[in-house]
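Each of the next two complexes has chain A plus one more chain, namely chain B in the first and chain C in the second.
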Partner chain A sequence: MKRVWAIAGIAVRNAVRSRVVVVMLGLLLLAIVGLPLTIKSDGTVSGEVQVLLRYTLGAVTILLSLATLWAGCAAVAMEVQDRQIHLVMTKPVRAGELWLGKWVGLMTFNAGLLVVAGAVTYGLLLWNLRGERANPQVREEILVARRVVRPEPSPVYSIPPGRAVRFTFRLPQTPVADRPLILRYRFASSLTDKNPVACVFVAGAPARADRWQQQQFSAPGGVHTLAIPPALVGADRTLTVDIGNIHPVPLTMVFDPRDGLAVLSYAGTFAGNFARTLAVVWCGLGFFAAVAVTMGSLFSLPVAALVAGEVVLLAHIGASLRTLAGDESWLRGVYVVLYWLTKPWQMPDPLAKLATGELVSWGWLGAVGLWQVLVCGGVLAAVGTWFFNRRELGLPA
Partner chain B sequence: MSRLTPGVLLVVAVLAFGQVARRQEPLVQARRDFHIAKGEPLENTPPLVAFTTVALGGFRGIIADLLWLRSTQLQQEGKYFELVQLADWITKLEPRFAPVWAFHGWNLAYNVSVLFDDPADRWRWVRHGIMLLRDEGLRYNPGDANLYRELGWIFQNKLAGNADQMNAYYKRWWAEEMATLFDGPRPDYAHLTPAQADRLRTVYKLDPVIMAQVDQKYGPLDWRLPQAHAIYWAWRGKPYARGFEALQNDRMIFQSLADAALAGALFSNPAEDVFIPGPNLAIFAKARRAYEEALAAQPDDKSIPAAHRNFLKTAVIILYTHHRLAEARDVLADLRQRYPAPEFECDLDTYVYRQLTSFLSDMGQREALNMVSGALQQSWFWLAMGEDERAQGYRQLAQTVWQQYMKTRTDPEAIQRSGLPPLDQLSVQAREAVRATLQTVAARQRLAGQTAQ
Partner chain C sequence: MIEAVHLTKVFTDFWRRPKVRAVNDVSFAVRAGEVFGLLGPNGSGKSTTLKLILGLLHPTSGRLRVLGRSPRDVQTKKRIGYLPEDTYSYPYLNARETLTFYGMLFDLPAGVRRERTAQLLDMIGLRHAQRRPVGEFSKGMARRIGLAQALINDPDLVILDEPTSGLDPIGCRQVKDLIQTLRARGKTVLLSSHLLADVEDVCDRIAILYNGQIRAQGTIAELLEQKSQYRLTLPELPAAALQRILAAARAELGREPVVEHPRRDLEAFFLDIVAQARRAAPEAGGVGPSAGVARYLTADEQLRKLVVPPKT
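What follows is the complex of A and B.
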């Protein structure tokens, strides 16, 4: 392990000496400060905050991803090209240790930059929300970590005219007393017009005398929220919600079983969520670093950079391929195959959760770390080491 | 290669560049003459647009596709906060492709806006759609008639029409914005301050010179209401419209003009919190003329005569309720002549009574009483607001309904069973009801100054 740390230390020192750190810091700060000034939000404070989180941290991720790819590919490939590798490989250092040392160096470099970028973004966010701008809506919907709980599978997700349908939500933990539960819902209407539909929500166990009731006029297709008192959750952590269709013009309300209904319950602070989000981003960078170092171990720098870039691009657009896979064109088969091929290493998107106030849980962070860093990174390390051991380094120029 | 060859090639290249430069201006002029959208060279292009249109080359399409995919996905997931920026990027990647602007303007103003329950949220998205087309789309495509029509359509349909439940809110907000630009229904074109003219031009892209031209041809329009803006943008697109586009443009103008005649003058009294778009009687004649021109220009079009007939029918009622009896008789005579039908073969009072009561096969006492009381309250309300002509029209309507209803009830027994109270008595009650709703001393004083009619 000592040799790994030594190689990592040299990689970090090289980065500092070659002013890569300074340049990257400059670029990151430029992106963090400059982007919010140029990006258009929807005109609301909450929209501005969401854009700030999504785009600044997104830009940070992209910049660090590109830097990681290039530096990772160059870490081994350039040393081979410049024959500096001979100085290392003639010492008692195994190929695996070299691979790991380079990877650890890159990840140390990424961790430092990510911490600085995260701190500046967080400070900018607080500065942006000074005074009256930190309105209750922003505090309760975005600057929070809320767990998303879907209803238990129901035989029906459509509500005919004049009828009501019951949905049951099982919360993983007892809700915090002073934080309302948020019922998020979205439905389609059987009428073609988009005028708001009259519906009624009744929450609480059916036997309770103090059931909570609220009538709403909600536009079909839109995302709507409703605050429900947490006291209505039963001792078994179950929340029952009856939704009645009381629209005067007969129509049917249809909820999408996947995301038509959800209860959002308070699960932690925004600061914690922010830190976990950065950790998930760091794990993603760990995967990129593994790809890049492996490609650098296999190929020359241009080829390695091209292949690594291709892999990372596929990892990023993998989720979009699902949309294309639903298309009826003759290319559908290609998209389906690509989607399933890229699925194991598709990149998680914690920023979308952070920007909408959804919980980035420790469990998810652990799963991402385990899969992206340990499993995928481990496989890539094994492949990189195996090929590097068989690579002829002493070729004549 | 001889030593002279590079020099010769350089001279040939310079000559070729010179020739290209010489041909450039006539070529642009020819595009301008043929009203080709891309004829006008882009001026003062933001660096980002210049960069994306030149540097990215053919890759622009791929990036636009990816952004479009993301935009669609976010919209489907109900995440709207990025849509304005994505629409901006997609359109800037293809700034001279007008249908992309048209789609995104319409998407924001129509598809996204209706997903919200709160009128303020809806209005924000309608404005995003307007701003995308007006401030950006037309900047890059100044010769695209379709884009002018798309912008006009948002004013004509989304704001002026009633398809959207929140249309009254949009109208009110738009009127409040316009009220910050000028006092009254239109700018005083001759005495606009440089600051006012600049704000009209730069923020709202309204050229006061063209506004005055539009007003002269179709007005006086009330520029606080959206119909005037629909006409303005259709008018701006007129020089570029060809074939079917020209027909669509003309339709937008005469339809909006007819709408402005029926509901294109704003009665606003902030102290009383009154905001009522009403008929613009001053442009009735021009709206009629616009229909007549359209009928003459499109003799085979079946929809125009139907629209014209409906317009005239509504015009009779409106002129009547505004005490413009001579004009109302003239319109009724026109209806009789152009669209012969038994319903028009009667005198004005009878026609109005029949039109207003046509929804009731047999008007009962309660309905008649409600209608008379309602018309009387309208009459007192408009008197309190200082609109004497309109007040007199409603008074006339109440009197007609009362007389027509009582005409069939002559014997005392029928009067006692199903008759109406005397009109004067109903009028006093109506005045008291209106007085209770007034908020300002001035309005109450105006009402107190009037005796029971």
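What follows is the complex of A and C.
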């Protein structure tokens, strides 16, 4: 491991002394401070917080991803071009140690920058929520980590006029007593107007005498929330919710089976969620770094950067590929193949979860780390090492 | 130490079509403990041969063994020190960090690394510049760092590509002294150069390459000795005695013998002048005075380690 640390140390030292770190810090701080001033929120404190968390951290992620791709490709390709590799590979250094050293150096650099960017964003968030701006809505809906529980599959997701439909939510843990459960819902209406629709929500087991009931006027298309007392959850951790359509004008309420209904239960603090989200972002950067170092081991810098960019782009346009694969285009077959090839890398956006107060769980972080860093990184390392071992480093320029 | 049999290297283009036959059916052997020189004009295949020996290029055909193994074997590389034609160091590292880095690649313990780094910095006269980034060094100073990194592992086989290129006469002399010290310790040195005087000074055997092929190979004496002629060097003699000797030679040869005063060589004269100047102004800039060959590279140091029992 001494050789790996030595190579990683060189990468970090070069980044610091060539002022790459200073430039990157400058760009990141500019994005963190400048972006919230240029993007318009909905005018509420919640909106401002969501812009800061989603778009600012999103910009940080994009900047670090681009820097990682470039630096990763350059890490080996430039050393081959400038022939510093002649002095390294004539020492007892294995190709795998070189690959790992470059990756570790890059990820140390990323970790440092991500910690600074995260700390500044968090500081800015606290400053933004000083005094009365930290209202209960922000605290309960955004500055929290809530587990999202979808209803058990139901044969019906549409509610005709004057009818009610029952949905059952099976919670993985007993809810915290002093934290309300949040029912989040969104529906479409069979009418074209967007006037609020009268509906009624009844929560609790049907046999209970103390069932909770709330009448609501909710606009179709919007996301709405309702606080439900956690005591209504049964001993088997099941929550039953009946939704009734009581609108005076006949219309049908239609819930999207994928994200039309969910119960959010308290699962932890915002600080922990924030840290785990940054860790998921870091794992994503680990995958980018692995792609880039491998490409840099195989090709010259311009070719490596181009190929690595293409690979990362393909891996992250899964949603678009899915849409394209559904079209009746003569390229449909290509899109279908690309969609299935890139499917393993398609995952929910952790920043979207953080900005809506959804839990980024340890389990998810572990799965992302295992898949993106260990499995994908390991395969890329093996490919990069195998080809690098066969490469002639002393060829004339 | 090195055995090359019918070694051939053909460079190809992108479509694998032959482009240049840089090394063409070359066979030679470098024995343990000798200084072997590869001579040749630019483009003769010297550097390509060295890169094949170092595993940086793969032979197209032929057989190549270095220290009894494949040149690409990690165990082989542990015992090799390499100074490339240009010093390809990391410009943002300083001299000490550069040597420490290469020491770490050889997995040297921290104490040994520190000790050797200090000795090597003294040897190359750059202790005063050890905190300066290598990127700010002059070509000669960078060359010295390159030489030091080639010796950090106390190698059994030292491969030097144009070792005196970019060095001043003092540096050249130090390199030659170093090579002789290494030979005295039984180390093997393979050097490539087109500076014929340097090669003649230090090499036991040479091979002359031209257009990728060996044109001549052997010891310096075998290749350069003119057995049909003699040179007679005499101490200062009275004029009459000299005339008697010349008359005898004239009678024997049947023609006038060549008589001239021997000259000091320019290198020795230059080194003498610089040594005097340095005594007069010891704080001059640039490369400092060398403390001599690093202790760990000398036979004395090795003997001391054998004789002095380790502290308990």
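A few comments on the model shown:
Heads up, the rule we're going with is that the second predicted complex is superposed on the first by the 381 of 397 C-alpha atoms of A that agree within 3 Å, B and C clash if a C-alpha of one lies under 4 Å from a C-alpha of the other, contacts with A are read in each partner's own complex, and residues count from 1 in each chain.
By definition in this document, a contact is a pair of C-beta atoms (placed from the backbone, for glycine too) under 8 Å apart; a residue touches a chain by one contact, two chains touch by 3 or more.
Keep in mind that what you see is a predicted model, and the values were worked out from it rather than measured.
For the composite obtained by superposing both complexes on chain A, the positions of chain B and chain C are free of clash and fit together. The angle formed at chain A by the C-alpha centres of chain B and chain C is 130 degrees to the nearest 10. Shared-chain residue A:S46: touches chain B; no touch with chain C.
Legend: residue contacts after superposition of the two complexes on their common chain; A:F217 is shown touching chain B, with no touch to chain C. Of the two partner chains placed around the shared chain by superposition, neither chain B nor chain C is touched by A:P302.
In the superposed pair of complexes, A:G162 makes contact with neither chain B nor chain C. In the superposition on chain A, A:E392 contacts chain C only, with no contact to chain B.
Contacts of A:P250 after superposition on the shared chain: neither chain B nor chain C is touched.
Looking at the shared chain after the overlay, A:T356 reaches chain B, while chain C stays out of its contact range. Once both structures are fitted on chain A, no C-alpha atom of chain B lies closer than 33 Å to one of chain C.
Touching chain A in their complex are the following residues of chain C: 11, 48, 51, 54-58, 74-75, 77-78, 80, 82, 84, 86, 88-90, 92-93, 97, 101-102, 104-107, 133, 149, 153. The residues of chain A lying in touch with chain B in their complex are 39-44, 46-47, 50-51, 54-55, 186, 194-196, 216-219, 221-224, 259, 317, 320, 323-324, 352, 355-356. Across the complex, chain C is touched by residues 2-3, 5-6, 9-10, 13-14, 17-18, 82-94, 392-396 of chain A. The touching residues of chain B, counted against chain A in their complex, run 66, 69-70, 72-73, 77-85, 88, 114-117, 124-125, 128, 165.
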